[in-house]
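There are two complexes below, and they share subunit A, which is joined by subunit B in the first and by subunit C in the second.
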Partner chain A sequence: MREGRGVALMVKRKKWGNCLAIVLLSVLCLVFLIPFFLMILTSLKSMPEILASRFVWKPEKWLFANYIEAMKKGDWEVYFANTFIVTVITVAISLVLNSMAGYGFARIPFRGRDVLFFFTLTGMMIPQQITMIPVFVNLKNFPLAGGNDLLGHGGTGMINTYAGLVIPYIAGAFGVFLCRQFYMNFPVSLDDAAKIDGCSRFMAYFRIYLPLSKPILATLAVLKASQTWNDYLWPLIMVNNNEKMTVQVAVISKFTTEYSIQWNLLMAATALVILPLLILFLFTQKYFVEGIVATGIKG
Partner chain B sequence: MKRKKIAALLLAIVCTAGMIAGCGEAEGEKAPEQAELSSEEPITLTFLRAGTDEATQKAYEELIAAYEKEHPNITIEYQQVNFGTDLETKLNTLYAGGSAPDLVRAPISTIALRASMGQYAALDEFIEGWPEKDNYMENAYEIGSYQGKQYGLPIVIDAQVFFYRKDYFEEAGLDPDSPPETWEELLEYAEKLTVWEGNDVVRAGFAFPISGEHQTLIPFARQNGSLVVDEENNKPTFNDDKTIETLEYLAKYGEKNLVIPYIRNKDQNPFLLGNAAMTYAGVGNYTALKADGVEWIDQLGFSCGVGREKISTFGGAQIMFISEESKHKEEAWKFMEYLFADESVGKLIEETGATAVKLSLSEKYIETYPEIGPAFLETLSHTQGMPKVEWAPAFEEAIKLAFEEAMYGKKDAKTALDDAYNQLLSEIE
Partner chain C sequence: MMAGKSKKRLGRIGNEPIGYVFIAPFYLFFLYMVLLPILNMAVNSFTNYDLYKTRDFIGLENYRNLFQDSIFLQSVWNTFIYSAMYIVPTMVLGLLFGLWMSRESKGFHILRTGFYLPYLISMVCASTIWLWIFDPSAGVVNQILRVLGWETYDWLKDPDMAMGCVVFISIWKNMGYCMLIYLSGIKAIPAYLYEAAEIDGASRVQRFWYITLPMLQPTTFFLFITSCIASFNVFEQVNVLTNGGPLNTTTTVVHQIYIRGFTQFKMGYASAMSVMLFLAVCLITLVNFRFGNQGQDTDIG
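On to the complex of A and B.
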């Protein structure tokens, strides 16, 4: 009898716990969704409505034409194409490099591995603002690039090139760390079995580990893609002309002038710019969550 | 195994070469003067402008196209970047990376720091032989100087003219031909001209930004006799009694609920949307209103604003500089001469609201802007910009912080200014 009452109490508590969790998560959802909601609303308003002294929730007229007008300001096909190219190349190369490095750090014992890994991790701890100028100098003086001689002098190096936008991102410490944590979870017996079957390290990586890496690669792809797609600072300093401009730089420079900001067009362009990332996330959502769970890393 | 080692060695050599190259400096870059170029040799000049306004971009692109047509061996790569952090980041990286633009059009706030760091070239030698020098407005010319040397030539002096709405004046029973001249009048007029709905101000009497703002407190403090910054002794003085009194005066507009809060460079001035009766604004704002075809354009009145011990208005300035590390200073100067020819300045005046920095263009300026032109030219003589000190950006941030804190009533004027002053001092030291 007492046992039955205890179970009923537990079920009741669980129900209340679930309710509380749902309420909390709903509130959190709202907190995260409100900025998106405001972005869409603002993108459909007129400027006087946006700048009115009283906040206007619902626009008098839904100005869907703002989206067309925003895309008419500048060469958006070029900006989207540039960002797409840079993001795809960065993600593709970084997946290969990061997963291989992560595999090496996790599964191959060699002298100085931990020290080397520690040095790799320092890359995560130094802010971009500190490394920005040295990286810029290195890329500008990259041998034989952009009219440079063998010693890296005389030309513009990788300024205004896709390579200049891609290279700093392809070997990020975070990706290596993420992959290493993932590969650490596999049992040692897997390596032993591969060895007994005559697999070299590379074959073991390629035939055994890589097919099992979908969740972590999807996670890394989403994180890398959003980092590259959304980056503003690096393209701002690396690109000097319209031909290689990326969407984030264009969003700011096309709708913000010394006299005013066209908030409605800025929000419309922003809504369009985040669409590809949203689609990518929707397609990789399942693996993304698995990857996060497997590595215990929260974004 | 051996092959792997050789490959690794080669890779290491390439990487090291890259790093050494990155750290080193080319001899050719060290001595730009040595580069002897024939007039026919193709030369590329880079030109970075602060600001992203489309009309100005178009005007410069047209000027550049015409120049390139006249000088087939010269190519000018035009680029532009937003004011503020973006500009500073870009300039810092380009100068540190040895990729400085040959020509820079940047605000006055950059002159002290970048001239003292040797990034901007002194132009005195070029200007000496420039026949147009005597035709350049004296007070405009002085803006481009720093510690006795001429580093740049201003093309825009964004003097803040006092704008007011004659129709709103009439509505409030005020004389539309008598704009306020004193602080007391300004406050009194603002009270009469403000329109509320409940507690909300729907039309401000006098509009000025509450956040991100330094261009209100500085000129008002100067009107009250404060130096704000002692440029000669290179120290801030903005926590003096005069500035405190000024901030207390400006805070009254918030206390009396006379303002529509907005952020400089983020939100549009309510006056430009028809929701204020008086403000300080630039000629660029006037041309934008005219281009937008607002109905009340004929109701605008202009003056050089109010004063106390003196009249003073704020004036940002856009100055043309040549980089010290430019390999083509001669060519850059020739292009600059072209940009400061009457025709080019005339075009920039008409299309972008640039200033008549040349005496020969004063009449043309009034012809182009018959309504605002006379008030603007009068205002120019009362205009002062940011103090020319190396720590101008930090000073600007300190003023913004103190102003915002006092306007929102978070601190009283004295505490806000003292705190900002002490913080600035610790940063400078």
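On to the complex of A and C.
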């Protein structure tokens, strides 16, 4: 009897503790997300209101027209289209290359496999910032591209092209690592069975492995898409004209004059740049989180 | 661990050259965009390459200049300052929130999303939002300080404040990542360890200190290594928020590489800087390979 009451009390206390924790953490979370609320509220204010000496959270008038006006500063439909195209091509090519290579490393024995894979692992640790100079030089001097001659001189190479943006992204080794980890978990008997049935490696890959790898490909696609959409460094270096500009570069270059920044339009554009990613996130939350967590799993 | 496994498989099945066909498409890009560039970078660092005409070998001159370049030395110092101020708070916060969020209920799932939302957006977007928040006249921080009657600052243009602001924003943005990684680490700790400890009468603090923390050691190590590499390469927030100013107090190594390489076109000189950064990252990677598997092999079964 006494014991029963003790347990009941403990459960009750635990429940209360849980509630308290939720309330406290919710408040903390709201504070944490204040920058996002500020972004949206500011994007709906007028410039005089923003510069007024007294700060008010709520916009006087909700100026949704700011969003339209922001999109008129520069050719935003072009920037969005560029970023979208680069993202889609990068994701598509990455999926093919990475799952193939991941399968090769995981399931097929061949001479030098471990050494080659070790290089891939090491390459994965090297951030793009370190190799940006030589990669840029390589792409600029790419033979026969952009008016270059056979030795890669004379033209602009892959500067201001989609290829120049996509190629460095698809060379990233993380997807190979991810796919390899996934394919390693398949039983060896699967390969044996396929072999006995006269299945070539290609057929086994296309007929058996690929249909089973939807979850890992979805994870990889979402991860790659968000990385490509969010990247700033590479478009900053590779693109120097308006026609191939991406949203991340446009957002910081289109609203700043020498003397002032149009905060309401800048915040509107920022919100619009975040929006496609947020929509993707809403629909693929599970894969998103898996992708982020996967970066923490190591061989 | 993987070498042993694959050797066994190699012995059993043999050598199938078709494997090269599978890895070739990726490997060509990888060779051309990751491995070859490292060699190119090393070669270029001994030249005065300017992207257009000249590319003469000048020996060690770039490196000699590097150690007399006060701005570069400052950028190295700044990068260390950034790393020192960024890594520990981000990881501690990530661990704390990971522990708080590890309970399984609907509410916590939604809260979790809130805390890693900043991690999903681009560094550029995060920076533009904070650029406004820290704006000296219209920004909300100074508005609040003014209402309270306190002193206001020109946050991002004050040599004493600018780096702190950059670090603060980076922590805000990346804390959620550490939280997620810690969460998955916490989930992997078997529940029976806690049950056994509870039976033995271990307090909450003891359970954290003697079970959670040691079990999370591989996670902590991984986060420390990746955070080190990431903060050695910090660039985007610096370029957007301060452009290295005021008085070079926020310029970082990658920012210097960018400035020298892509605004002054001193590709040889910038390559020498990249080589130094590459060596630093290699050192960290070596530490990782040397100590990375410690604690992961401990069998708790």
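We adopt the following convention: the second predicted complex is superposed on the first by the 236 of 299 C-alpha atoms of A that agree within 3 Å, B and C clash if a C-alpha of one lies under 4 Å from a C-alpha of the other, contacts with A are read in each partner's own complex, and residues count from 1 in each chain.
What we mean here is this: a contact is a pair of C-beta atoms (placed from the backbone, for glycine too) under 8 Å apart; a residue touches a chain by one contact, two chains touch by 3 or more.
Source: prediction; values computed, not measured.
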Larger contact residue set on subunit A - subunit B or subunit C: C
First, second, both or neither for A:P143, with subunit B first and subunit C second: first
Partner chain(s) touched by A:P48 [first = subunit B, second = subunit C, both, neither]: first
Partner chain(s) touched by A:I133 [first = subunit B, second = subunit C, both, neither]: both
First (subunit B), second (subunit C), both or neither touched by A:V176: second
Contacts of A:L233 with subunit B and subunit C, given as first, second, both or neither: both
First, second, both or neither for A:N241, with subunit B first and subunit C second: first
Partner chain(s) touched by A:T257 [first = subunit B, second = subunit C, both, neither]: first
Subunit B versus subunit C as contact partner of A:G154, first or second or both or neither: first
Overlap of subunit C and subunit B interfaces on subunit A (superposed complexes): 51, 53-54, 132-134, 136-138, 140, 233, 236-237, 252, 261
Interfacial residue positions of subunit A with respect to subunit B in the complex: 47-48, 51, 53-54, 132-134, 136-143, 148, 150-154, 156, 159, 233, 236-237, 240-241, 252-254, 256-261
Touching residues (chain side subunit A, partner subunit C) in the complex: 18, 21-22, 25-26, 29-30, 32-33, 35-36, 38-39, 42, 50-51, 53-55, 96-98, 100-101, 103-105, 108-111, 113-114, 116-117, 119-120, 122-123, 125-127, 129-138, 140, 167-168, 170-171, 173, 176, 188, 200-202, 205, 226, 229-233, 236-237, 248, 251-252, 261, 263, 266-267, 270, 273-274, 277-278, 281, 285, 288-289, 292-293, 295-296, 298-299
Subunit A-facing residues of subunit C, complex: 1-3, 6-7, 9-10, 13-23, 25-27, 29-30, 32-38, 40-41, 44, 49, 51, 100-101, 103, 105, 107-108, 111, 113-133, 135, 137-138, 140, 143-144, 146-147, 172, 177, 180-181, 183-185, 219, 222-223, 226, 229-230, 233, 235-236, 239-240, 254, 257-258, 261-262, 267, 270-271, 274, 277-278, 281, 285, 288, 292
Of all residues in subunit B, those that touch subunit A in their complex: 14, 17-24, 26, 28-29, 46, 51-54, 77, 79-83, 86, 89-90, 92-94, 96-99, 200-202, 260, 262, 265-268, 270, 273, 275, 284-285, 288
